[in-house]
Structures are given as C-alpha cells and as structure tokens.
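First subunit A sits with subunit B, and in the next complex the same chain sits with subunit C.
Right after this comes the complex of A and B.
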C-alpha cells in the first residue's frame, strides 16, 4: 500500500480522471464515430506527444519552475529528425534530437541557477533561440524522416501504437522516479519550499538543473514522435505545446507554485486536452475558437484548484 | 587537551557591515554537559551558534572539533560531522509527512527506491525516544507549533549528532511537553552528547543545565557552572548597559484621554485579548522577547493580517480596519521592521519613494508634476538630514540608516495621527538613530500617537512614556517609562512573576 505524502499527491489527480472518464462516457454515448477503433487510435496518437512533453513540464512545475522553451525544442527535434536522417540514419537522428533537447534543458537550468534569471524569462529566451535554429535548418515544413523510425513508432495493434505504449511506459518510469526515489522526494521538497530545501542541505542547484534537463529530454522525445507521426519536420509545429503542456499539468492537479500534484494527473490532463481538440475538430469548430476554449479551460482549472488550496490553508 | 571537549570555538569574532556582533567569545561543548547560552535579544547568541554549526564563517578565532581544527564549509558539512542545530524558525515542509520530514536526507532505501514503510517506522522510533506522540503519517503543514518543534528536534536527533544545539526549544511548548523534552535532554546527556540550550526562561537553566555562558552585546560576561549562580546574577550580567544621553528629553505633560483604543483584540492564538487605551502625543512602547506576538499586534493594527476578534476605536469611534488601505484612511501609518522588502521600493529613486503615499495630493487632475514631487521630497530630506547625492538616486544605494530615514519621511509627509514603528532603528547607525529619536519626539509634540515596537530595551526605556511587555500573546505587565529598568523589563519578558508595580 501507499504510505506517506504520495497518497496526498496522487489525490490531486482524481478530479482529472473523473472528468476524463465522464468525457469518454459522454462521447461514446453521443457519437458513434467516437467508438471506432480508428478514432480511438487517432486520439492516442494525438495525445501522446502532448502527454510526453507534459511529463517534463510537470517535473519542472513540481520543482517550482516553468519551462516555456519546450515548444521550440519539440519543433527543433522534428527538424533534426527530418534533416539528420540522411546523414546518421533513423536512430542516429533519434539520438541527436535527444542530445539537443538535453542540451537546451541544461542551458536553461544553468541560466536559472547560476545567472539567476527567472525561469520564465530564461526559457522564453532559449525558446526563441532554438526556434530560430529550427527555422534556419528547415525554413518550411518537409524534410526527410527515416522510414524505419516512422514505421517503428506508428506500428500498431488495435487501438495501440508503439508511440502510445512508449508514452505510457515513460509515465510509469517517471511516476516511480518522482514518488519512490530520494531525488523525486527532494524535487517535491524544493518546489514546496525552496528556502527550507536549501536550509535542509538539499542540492538545490543540481536538482534544478536536472529537472530542466529532463524537460528538454521529454520535449525532444515528443518531437521525435510528432515527426514520425507526420512523416515530416516542421519548425513551428511545437508552438502550441508551451501552453498546452502547462494546461495539461494544471488540469491534472499540479500546482503552478510547486510542490503539489503528480505526473499521473498530467497524463489524464493531456488526454482531456487532446479529446477536446479531437471533438472540436470533429464538430468542425474553427481553430481560433479552439484557442479560446483551451484558454477558458486553463483559467477554470486554475480557479478550481486555487480556491481549494486557499481554503485548505485558511483552516 | 581535555578529552571531554567535543567542539570548541575559540576567540570567535564576527562583524556585520562594520558592527562587531561577537568579540573574543570562547565556547566549549563538552561530552555529557548541557550548556545554557543566555543573553538579551541581539546579544549575539544566534550568531555564535551559527558559527559553531557552519551557518556563518567567523572573521576571527578558530573552531576545533574533537581536538582538531576545522573549517565548516556550510551547515550541511557541520551536520555530517555531528553538529545539529535546531533553529528557532522551523524549516519543515508542509507537503511532506512528519515521517518524511524527520528522515529528509537519510531516507532508508531498498536498492535505489525509498522504502516508505521503513522510513515511517524509523521516524516513529525517533519520536518514541523523545517520548512524544505524533502520527508520522500526518502532513507537516497541519502541525501545531509544539508539534513542529518536536518534529524539528527529531529531525536533528535522527542524524545522531555529537553536539545538539537547541535555540529556544521551549517557547512553543506546554509545561508537560517541556518536562518531557527535559527528560529527553537528560537521557541524551547520559549518552555522552553535548547539548547547547538557548533560553530566556531562567527556571529552565536551573532545571536542566550544567553550565552557563552569558553574552552581552557580543561579549562574554560570565561562564559559570550553574551551581555558582543565581537568577539575579544572570539577569544583572545580561543587562546593565548604561542608559546614555542619546535619548532626547521626553515631554513633561502626558495627556490622559485615550485617543486610540483596543478592546479585547486577538489575532488567532498569537495575540490574545489585549485591551489598551492610548493617549495622543505620547510614545507607547511594546517590548518582550522575540515572537511573543508584538509583530502580530503591530501588523494587525495596520490591517495587514487583521484582528480576528475585538474592537478598535479611534477618537471614540469604532473603526473596521481589514486592510492597510483602510488603516491609512483612518490615519494610521506603519514603518515596518523589514524596510528592504516592505518599506521601500529599492530600485526607485528617493523622491519617488518619498512621495508614494501622497501622490493624490501632489497630482493635478491625475497628472504628476515632477516639480511638486521634488519639492515634497526635498522637504523630507531637509527635515531628516538624509545624506544623498541626488534625489534621483535609487534608494538601494543608500546606507541602512539613510534608507530608514526615507521610510520615516515617507510616512511623515502623509501626516498620520497614529504611527506604528516596528524596530525603527534595527541596523541603523548611531547618528541616524539619534535623528530618528528626535523626529519621534517632534511628532509626539504635534500630538501624534506613536506605537513603538522594539526588542532594544534601552530604546524602549529611553523613548517610551509607557511600556507594555508581551509574553505569549498577552501583556504580562506595563511599566511607566520613567521608572522602567532593564531588570524589570527582563523579568516581565521571561515570564518571571511581575515584581514591579503595574501601571494604571
């Protein structure tokens, strides 16, 4: 059985799962198209990149930071996969993209820790630089993604593709990491109270750099899957993921002020957002209304959790 | 070399910005000995403890651990060597359980995963050693101050330290809990650990301690075995500074009609049922040890964290003050204790800081005139003789004393009827102090009601017409300013039954 603070962190994810399940039931009842294998595997395919980048964003938010460069890292990663395949092969381009993501994350972490640049500013800046690099390498969508990489990730049986299973696997690993290792515990402690974390002798600098590196890594992985799915590189495809990854984490019950929530919630949050997109697309709602609706959902989620927490501390 | 000495700090010296806060202090922590460290607020106790536990580096002197000289890199390093310091301020995590808080940094593991069951079992064992029952599964955020204190001690004890430093561990504990803690200290001592206990309560020294060190203004005034001293000896060694002529003459006649009145006001449990009648034109001092509710009272009057019950009357009229804005409308001003974060906007210029409260008055149709802002600021600068190169200079560049003068003059231009001063001269040089005191007198002669919250006893005695001493959220006694002595204030502060005549 679960013992300790993990129980409480996991509880934060319950509302997201309730909403998600209600959405599934509602859609299944209302729309026969929804139940088709094709649509379900489509949703999983759409949700997986967001779910993966949301892992990294969640770790950062729990540690008390924020990463607004993940969108650009995703774009950059698709561009690398689409341009490097010819030189280093499909899985070589995979490795290059992962290393690039890690590098951007480490730069973010170093800037936050040693240059003391606020996370928001630091990551927006690196995001701009990385976006520029992506546009430089591949000014317009296209390029050449390795066939083997694509067929590997999109291979599927029934509703589940390799990409979808890969995403779930990452969630299992990170959930165990966050809740069952010392480092995970210290990340929570750092986000909960950075001052006390330093006073307690936790390696604040190392923990911060680590979490930004992980965010870069997961953004790169999301980009690789996105490239495999669309079979092309796209220098601006990641732009919406900055806000969407934060929204997925927040809808999943992770606090923007750090220390509270679980990646388990971000998983449901990602699927909720993906399903909303999916439904709006099926209903032929214009893209700009989709932005408005997503924005409203984020505000609503923030409001609900904020009110709940304020009540808790007033008691 | 005495083999019983575990940790020795020799001829330690520490300066902050040119102020000597510790001078030639030697402290010896011996095996199985409980050492009491006593002294007034600001005598250097915390500084000394921070130095021997790695939190601060000394400017002079050396530290020896088990006979060998050491240099602690930081408090984590000292903790690894076996020196645990339980600070007065708690550093627990709200969102970790009691068990996880206690075991932070020494979590038991199975391969590379933490073992939550073992962790909570071990934490429970440590709490049992302390003979204190807290459910280890509870969250840190829901603990009472007493439970937090015990958890902090358990967190320190779990590292099995050789030297255990406790900074006022009993201030939030009940009588029964204090007895339990002292029995624990007794057992710890038996096992050969050296304990340092900082305390203000005289009784406790005689209950558990073997030796005492008295600090006064950063200098050791006594090192004695407890058997050789009495309570009065200790108090007289802690105090006894000369009341110099730095304080301007107090005004002769004190009006008796209450202008500002508090009726049974409380702030949760931190301030309890205080009733006061404060006349115009006098300085009302509030003293006591740190954390007895003075800060909460000051902030509640100004509406930062409002009173939870009771009434506030100004000029006979009941006022509801729930925000600082409402307090200002009612004619209350507040000079906060932390000027850098609460009193000033550091990157803004002197003139901008000074005029920030009276912009309505200076502006014409909502538009600010630079000229009038400047004129207003110049008045303040002249009145307080603030040393500056230009009114456009950012306040961050000023010295502490001049910064405090800017805060003062900001409030003086707003013409408050009641002015709350929270530690108005902390970190301020002597000359500026004198000027601030003179200004306070000027204000009272104009009929302003001054509420002076200070941990500096001489300042309270020198400036106040009446001094109220707070202890555990209540007023433990009030003394007329002319008759007050440090000894009398100290006894009231440390909860020793008041022997002085109560005022009014």
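Right after this comes the complex of A and C.
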C-alpha cells in the first residue's frame, strides 16, 4: 500500500529523528560532560552493535516476520571470535562468525518457509539452540580475541571509531538496497501483503530466506564488534538484544505488521536507546532500573506508533 | 486446514503419540540412572516437575486462546523473591506472603491482558517487555542480592511426602490440573477458549465477549505462574535471582509437545500433562550426563521446532 513511494516510507522515520535531535540538544545544553569527545565516542561505540542488529531486525519486520534469535547469534559470534582466533587468526575468526550467523539465518528462513513454523516460534527455538551451542563452546565469559581484529575495529580519530563508521556504511548500503533495488521493493511488497505478493509472482520463499539470512549476518557482525570492544567472548551478552533491536526498529517507525517504515529510522532508534542508557549511567541511576525503563519504552513506543497507524489505515 | 470445531477437538484429544514418547523417555531415564533407578527416583523427578506442570497449565490456556505469555518466568522469580523476603523463615508470615504473591501475579496478568486486549498489541512483545520490567523490579527490590528464606511449614507443599511414599507436590499439581480441566471442558467459559482461539472474529460476532476472555486468560496464566513460583520457592527454600528463567521456554515446549497449536483453538490439558513429564525426564537425563545448561537450551529449541513441525503436518 505504501510500496509506491520511498518518500512516504522515509517519512515514518521523522519522529525518531526529531526525538533524537531534541535529546542531543537537551543533553548538550544541560550537561557539559555530554559534549566531551570521550563521551560522544563512547555513545557511538555503545550504539553501534545495537544499530547493526537493528538493520537485520528492520529488514525482517518490513518483510513481515520477526527474529528473536539475533541475541543468541550475537553471543555465539562473540564466542566464536574469542575461541577461533588462535586457530584461524583474527580475520579467519571474523569469517567463521559471519558464516555461522548466515547459517543460523538460513535455517530460520528454511524453517519458516518449508516447515511452516510461525517466525516467532522458529526464531525463539533456534535462539535457544544457538545459545546452548555458545554455552558448550565457552561456558563462562572469557576467551581470546585476536589483537589485530580488536585494534582494527576500535581504531579511532576524534569521535569516530572504525566500528562506528562501519555501522554507518552498512546503513547507507542497506537503505539503498531496500529503497532502490528490485529485491528491496519486493521485500516491502511481501510485508505489505504476503498473499498479493505471492499471487503477483514474487519468489516469496526466496525473499523470506534471504531476509532471515541477512538478519543472521548483521547479528554476527554486531557480535564481532561487541567482542572486539570488550576483548572477550560472552555466551549471554546478546540476551538483551532481542528486545532492544525490536524496540529500536519500532521507535524508528517500522511497523510490526510489515511493509511500513524505513531502515533509516532504526538508526535513530538505536541511538535514542543508547543515549538513554548513557544518560542513566551518567546520572548514576541504579543499573537495574534500566530493565524497567527499556520495557516501558518498548510498550510506549508500541502504543504510540502502532495505535496511530491502526487508526490511519482503518479510516 | 480449518475444519469444523468438533473434528478439531477430536483430533486434539488424540494424544497417544505423546504417551508413547513419554514411555520412551521414561525408559531412557531408567537406563541412564542405572542401578540408582527406582520408583522413588521417578517420583522425585515428577515432584520436581510440579512447578513446570502448573505454569504449563496457564501457558496452555493462553495458547488455546490464541496468545502467548513470555513473562511467566519473570513472574515466578518475582514471586520467589517476594515470598522469601516476606516469610523471612517465619511460619506466621505464610498467609501474608501467599496473598501478596498471588495478588502481585494476578495484577501483572491483568496489566498484560488489558494492554493486549484494549490496544490489540502483539502479545509476545507486550509480555516480553513486561518480563523485562518485572526483572528490573525484582532486581531493584532485592538490590541485586536477595535475602530471606521460605518458612519451614510452607516447604511441605513441595518437599513433603505422604507417609514417606507419595510426594505432596504431585497432589497439588493434579489438583490444579483437575480444577482447570473442569473449567476448560465442562463450563461455557472454558468452551469459549476454543471458540476464540479458533476464530476470534467469528467468536466475537457470535456474542462471545473476547475482550474479557482475553484479559481473564492472562490473569489466569499469571496466577498459575505465581502458584508455580510459590511451589518452586517451597522446593528450593531460599531466594534466587534466576530460578524462573528456564520456565518460559520450558512451559511453551511442554505445551507444544502435548499437541497445542500456536494458531489457537487446538490443544488439550491432558496433552500438556505428559508434555511436562517428557521435559522433566529429558532434563534430568541431561543433568545426569553433565551437560545441563547448554543441553537444556538445545533440547528446548529442538523439541519446539520438531513438535510444531510435526503438529503442522498432522493437521494438514
């Protein structure tokens, strides 16, 4: 229904950018600490893994599915990077982690398409399996991330690290892919109305598998950056990213019913979430309040964005 | 796929396959426990499965109605922490603790249900967000290090054996199973679960108040999770930050083993019962083989995928 116009899809992201810019201005005026180069590069480093997972989650949501295995794929890829470095070298472990993420994504896609398992259930299940595998490989946080991989991603000048620039680059590529290529448009069409998409001859199965594979790929990349940042593997580090990535996408104006919104919005969404985290840390709020606040943000964002949308389409 | 309700119900009551699977896991359990295998060992595993059994009853109701509840694990941990801090090991406080815990869990279910039914939000995201909020609440409440313990007299419901031969926990589980089965199969209210799950729009148009049914289902499910939380508290006797974590997925796995469909309207409680036992025996086998946590996760995932795929092909 919105498929015809790129502009209308991009419009969905405007509220997120308005909120984000207001947040930046407010924090910059109120807190001198916020303006420091160290803090800004810190926020970018914190937001980048979330922003990268959110790309994959957004593609899936736009296509009309959901991926609850991204958190486990992130953990698994940090574990792979931390254990395989000694065997295959820094960039070898990078390649292994990316392949593992792709594989999990393809399995998700195959399950959804051929076994006809609802996406939520399929991805929760593969998520549990992958988390189990991560725990088998590395029962407790630790391991050894290769020096070269770490110095590559954390190298920085001013506010920008390689990881941050890498994240922005991925956003540019995926935005062009989603809005300017035929496959991207097909993904929107599939999410907008799966039945019509199939009846118009779109390769529904291939598109579904492709989008889950991409989600797995981006989750693996996020995991690699997390491992490079923390210099270790952790079999449970990704657990919170399932909910956070959906929250980032929803805050960024992407609809849960598929076919509406733009990946561009998820970028602002992830930075909003990361900045809220950062502010809470700076205000010395007891760390556990963050669970409550994250949950409330997701519910609120759902209420605000989904309700508005429902009314618009019912009229 | 959409056949009439009668044949769906007949199909869903046909769960011989599940009982066969149960016998196989039971034999595997007896082989794995070797010389230590005994009737008492089997009863012990079933006794430990009682909390899962009770929370799976709630999860079955929700899935039948066409929803899903991912907050049950957090509710159980919250109840565990609140109950131990109120009881503080004293028998006089049992009543107060039980009332507070059940009210808390009912309230959580009410909020879940109201948001989901009123605003027509996706249930899994709302309950997942609720799970995160509850997690934050019990972390803040206990300041990261829970204290208190469960009163000795209360621990009887999970630790007690009647005459040293039969565990009380199994009786408690069977009592709730019977009660909810009666409500589900013998009252008009229970029938509405099948109608609403089968086709919500049609149910609404035929005069079923789907709004209040949805809310009451989430309240019931949370209450079951609260009771399961009390059972597990009585079982471990202390407060623990992670006691409920596994129960969210385990309850879903146990429910789908029993043949309940994610699309709603198909499933039975007498399928869920062996489902719970299968999960319990499987996980105690894994614990005996010393691959508990990783093995638990992998088996949960594999079981859900295999059972959902199998159910799908049976229904075709």
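Remarks
Simple rule for what comes next: the second predicted complex is superposed on the first by the 310 of 315 C-alpha atoms of A that agree within 3 Å, B and C clash if a C-alpha of one lies under 4 Å from a C-alpha of the other, contacts with A are read in each partner's own complex, and residues count from 1 in each chain.
As a working rule, contacts are C-beta pairs under 8 Å (C-beta built on N, C-alpha and C of every residue); 3 or more make two chains touch, one makes a residue touch a chain.
All values reported here derive from a predicted model rather than from experimental measurement.
Contact with neither subunit B nor subunit C is seen for A:11 once the two complexes are overlaid on the shared chain. Subunit A is touched at more residues by one of its partners, and among subunit B and subunit C that partner is C.
After overlaying the two complexes on the shared chain, residue contacts for A:206 are found with neither subunit B nor subunit C. Contacts of A:35 after superposition on the shared chain: neither subunit B nor subunit C is touched. Shared-chain residue A:117: touches subunit C; no touch with subunit B. Look at A:182: by the touch rule set out above, it reaches subunit B but stays clear of subunit C. Of all residues in subunit B, those touching subunit A in their complex are 74-76, 79, 87, 91-97, 99-100, 104-105, 107, 109, 112-114, 116-117, 119-120, 137, 139, 141.
Of all the residues in subunit A, the ones that touch subunit C in their complex are 111, 115-118, 120-122, 124-133, 135-136, 139, 242-243, 246, 256, 286, 288-296, 298-299, 302-303, 306-307, 310.
Looking at the complex, you find that subunit C touches subunit A at residues 68, 115, 119-122, 124-126, 128-133, 135-137, 139-140, 144, 249, 252, 262-263, 291, 293-302, 304-305, 308-309, 312.
Only residues 2-6, 8-9, 176, 180-182, 185, 188-189, 192-193, 195-197, 199-202, 259-260, 313 of subunit A touch subunit B when the two sit together in their complex.
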